[in-house]
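Some structures to go through are shown next.
In the two complexes that follow, subunit A is the common piece, with subunit B as its partner first and subunit C second.
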Partner chain A sequence: MKDKTKKYSLFAGFIVILLLLISLPSYASSYRVIFVTNILMYVILTLSWVIFSGPTGYISLATAAFFGIGVYTSAVLSGTLSLPFVIIIGALASFCLAFVVGSLTLRLRGMYFTMFTFALVQLISNFAHWYEVNVTGTVGRLVLALDSTIIYYSILVVFCLVLLASHFIKRSKFGLALQSIGESEEAAAHSGINVTLVKVTTFAISAFFMGAVGAVMTMRWSYVDPPTAFDIRLSFMPLLMAIFGGMGNLFSPIIGSSIFAYLEEILTTKFPYYYMLLFGGAMLLVIVFMPHGIEGVFRKLQKNNKGQLSEKP
Partner chain B sequence: MFVKFLDIVIGSLLMGGIYALIAVGFSLQYGVARVLNVAHGEFLMLGAFAAWSLFTLGGINPILSLVLCAPVFFLIGFLIHITLFKRLKRSSESLAVFEGNSMLASFGLMFIVQNLALIIWGAPVKGYSYLAYPISFLGAVFSANRMVTLVTSIIISVVFYLFLARTRTGKAIRAAAQDPVAAAHMGVSINKMLALCFGFGTMMAGLAGLLVSMTSIMVTPFMGMEYTLIAMIVVVLGGLGNIKGSFIGGFILGLVGTIVSYIQPGLSMVAFYLIFLLLLLVKPAGILAK
Partner chain C sequence: MKILDVQGLRKNFGGLAATADVDFHVDQGEIVGLIGPNGAGKTTLFNLISGAITPDAGIIMFKDKKVSGLKPYRICRAGIARTFQSVQIFPKMSVFNHVVIGLLFGDHRHTTSASTTEEVSQIIEFVGLSGMNELRAADLTLANQKRLEVARALATQPELLLLDEVMAGLNPTEVAEAMELVRKIRDKGITVIMIEHVMKAIMAICDRVIVLHHGEKLAEGKPEEITRNQSVIEVYLGEFTCLPSET
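Now for the complex of A and B:
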């Protein structure tokens, strides 16, 4: 009974937030809209990262690669197709790449997989750079910039989709399979789960959304080159944000990434010269003092409260 | 033809020396201290800037700077391990969690070091010239400073190898790498060994930076990442935690890099990654694994 009311109030709260987000361009300045677009970008990247890495425990650093593939696909197609098609093609390109990469590498365990994904970003970025210099003879490309409201709504749509996808994956048999893979791969295989297929498909699904965000964000930049499209920071950010927020439920990563994205925006605008220093410091503090994220802090507080209550006569 | 062949062999030896030094340091940090140090290249960058500052401002010979800077870099690494990674190790409930957390922490460290360098030295590229006159060997020509870097990096690696193999502390470090629990029972102070390894790793990155800066390369605050990746590739090539393997792997990668840049300049990094990917798929335990 109590669980049900809690569930409904959460759902109602979510609807309210969604309505506020939908009506945002009508009451906020365009600066605010861009600000929220940036935050949503990080939220989507974190949520899609958690879809795969949360339950399985494989630490992927390929986010920037899939994001960048979305960016480049969209930059190549911009002006030739309408926006929804560009986004879908960008997302599919990432999906396909993740499928191929995943089927090659998901046999690797632990840090090997992490290193592989780390190098993947650099491989694609370097190759794109070489290709541009030697084959097309350009560096970077110009993109038709779109109105910030259109970009905002596109991002919002992707956000809703990734949220729905995470929710349904979590509740389905598929999600259970993922969870059991994370606990013990051998046991999962013995209980009849096609371990490779489940892992590769989920990896590709999470890449799908990363590609979609990339495809949308291209329209904001108007100029794209390999270092901006395949920025290695985007690989570490979702991981950091997910750890900061916690990965136990859908809300924790959203809260974690919103706070961190907000912090990043503030730091870059207020302290452009010391931004990296401060941000790096914040990262260290979070990892050292909050290894279980905000979720862990709350759990600790709850435990303490309960302890005090029971001590009372 | 012969001269070209000789050019490639000498070029790869010169490049390989630096790669080997970076990789041995990285291997110590990951193989023993279990920190996948994404900031490894940043200490190389600091070393390069240290050499530049000492040379242009103080007029100090870069070879003398090597001796001066080594203890400083060692101390930086030692202190970082004691203040940061030791604490993380205590708060992480398993090795996998620690590896994830320490990698993220080193990423934060990378941000901090890069930004500090940017504040101190600024973004424009720096460089100096030291022993830049050409040496000719059977027709192949290279500059004298590169010979110095090769000899120095081999000396540092060999001395370190002997230290690991022969001394009591070296044996304790190897024991801590093989089986920390058993080593602790035998009276080895594990945390001290890990901090020592981290310190030595940082020292090697710094010294590699000093050597790299001699070969009239562009010194910028953003030069580190490339070397971190090279270190990572070499270490996988030689097997994680295998010091000898990292040393040999450095020279192999130097050879590959030189050959590829002869054929298609600009693609050597791509070739490195392809080797890396192939290796991870075919023989993730490294080329020396049985």
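Now for the complex of A and C:
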């Protein structure tokens, strides 16, 4: 009974937040809208990272690669197709790349997989650079910049989609398979799970949303070149944000990445020279004092509350 | 009727033949014991049958179809389930969900998650874990974790079950319960091959025993024949009777 009311209140809270987000451009300045767009970008990247790496425990640093593929696809197609198509094609391009790369490398485990994904970003970024220098002859591309409200709503749609996808994957038979793979890959395989297919598909689904965000964010930049499209920081941010928030449920990574992205924006604008230093310090404190992230802190508080209650006669 | 037929099976690890030209078959409805000293290649044989590793030579036929070379999940869906020597459970997952996984993925007849709840409860009750549905696997005792592995394997609706030392590390009461469980499994019509060091159990419930030594098949026969076989006594039982008692 209590669980149900808790569930409904969570759901209601979520709807309220969603409505606030939808109406945001009507009451906030365009600076605020861009600010929230940026935060949502990080939230989406973190959520899609958690779809694969959360249950399986395979730490991927390829986020920047899939994001960048979305960016480049969108840059190439910009002006030729309408926005939804550009986003979908960018997302599909990332999906395909992840599927191919995943089939080749998801037999690697632990550190080796992580290192490979890290190298993948460099490889694709350098390939794009080489291609531009040697084939097209110009480095970087001009993009038709779009109105910030349109970008904001596109990001909001992607956010809702990734949220739905995460929710359904988590609750489905597929999610159960993912969890079992994370806990014992061998036993999962011998229980009839096609481990490779499940891993590769999930990896590709998570890349799909990363590509979608990339395709949208391109429209904000008006000019893209390989270093901005394949920014390695975007590989580490979702990982750090997921650790900061926790990965046990859907809300933790959202809360974690929102706070984290908010802090980053504030720090870069207020303390442009010391921001990395402050950020590093904050991260250290989090890892030392909140090893299970915000989620861990909440769980501890809950436990303490329960403990006090049961002590009362 | 032969349910499993293994011919000329060979697997080398480096220069060592872990399985050296092993031939044997298992009939439907049998309980076959697989014994041998440590390092004899018993678990390697299970790994070969279940597809965890692929053989270098030889063929494994299951119900007259070749299964050697298939991926583990295909072999599982074909009807061969297994447990592991060192328990392989999903520590943070509930007992209930372990069985759900077996049903949903291992049993080719299941495509939806509907109507499984009752079947799950039946299987959990069958192995003797009733009332523990919502417990996390990590919180179970070793004996119950082994039962859970059996439950997960049974959920895949196997026709052949490979049990790798399900009784190791259990106390005498638990061993007796495990023996009873193996008999019940056979009575359901499932053929069983079991690796076991608990000789009391092997002697009591196996219809036939295969002895492995250095990857080769040393002897095969009824339990009482095996105990009288001179070469078996030399390599295995001689060494074994020195132990005070099985635990």
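Methods note: the second predicted complex is superposed on the first by the 304 of 313 C-alpha atoms of A that agree within 3 Å, B and C clash if a C-alpha of one lies under 4 Å from a C-alpha of the other, contacts with A are read in each partner's own complex, and residues count from 1 in each chain.
Everything that follows uses one rule, which is that contacts are C-beta pairs under 8 Å (C-beta built on N, C-alpha and C of every residue); 3 or more make two chains touch, one makes a residue touch a chain.
What you see is a predicted model; the values in this text were computed from it and never measured.
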Fill in: Partner chain(s) touched by A:S191 [first = subunit B, second = subunit C, both, neither]
second
Item to complete: State whether A:I266 touches subunit B only (first), subunit C only (second), both chains, or neither.
Response: neither
Discussion item. So in the superposed three-chain picture, is A:E183 touching just subunit B, just subunit C, both, or none of them (first/second/both/neither)?
Written reply: second
Item to complete: Using the touch definition from the top, say if A:K173 reaches subunit B (first), subunit C (second), both or neither.
Response: second
Worksheet entry | Which superposed partner A:L10 touches (first subunit B, second subunit C, both, neither) | neither
Practice prompt. Could you figure out whether subunit B or subunit C reaches more residues of subunit A?
Written response: B
Discussion item. For A:I150, using the defined touch cut-off, is the partner it touches subunit B, subunit C, both, or neither? Pick first, second, both or neither.
Written reply: neither
Practice prompt. Scan A:M115 for contacts with subunit B and subunit C and give back first, second, both or neither.
Written response: first
Worksheet, complete the sentence: subunit A positions within both the subunit B interface and the subunit C interface are none
Worksheet item: For subunit A, which residues are in contact with subunit C within the complex?
Response: 173, 176-177, 179-180, 183-184, 186-195
Practice prompt. Mind listing the subunit C positions that touch subunit A in their complex?
Written response: 50, 52, 71-73, 76-77, 81-82, 84, 88-93, 97, 100-102, 104-107, 113, 149, 152-153, 155-156
Item to complete: Sort out for me which residues of subunit B touch subunit A in the complex.
Response: 30, 36, 84, 87-88, 91-92, 96-97, 99-101, 103-105, 107-112, 114-116, 118-119, 225, 229, 232-233, 236, 240, 266-267, 269-270, 273-274, 276-277, 280-281, 284
Item to complete: Over in the complex, which subunit A residues touch subunit B? Could you list them?
Response: 57, 59, 104-105, 108, 110-112, 114-116, 118-120, 122-123, 126-127, 130, 133-134, 232, 236, 239-240, 243, 273-277, 279-284, 287-288, 291
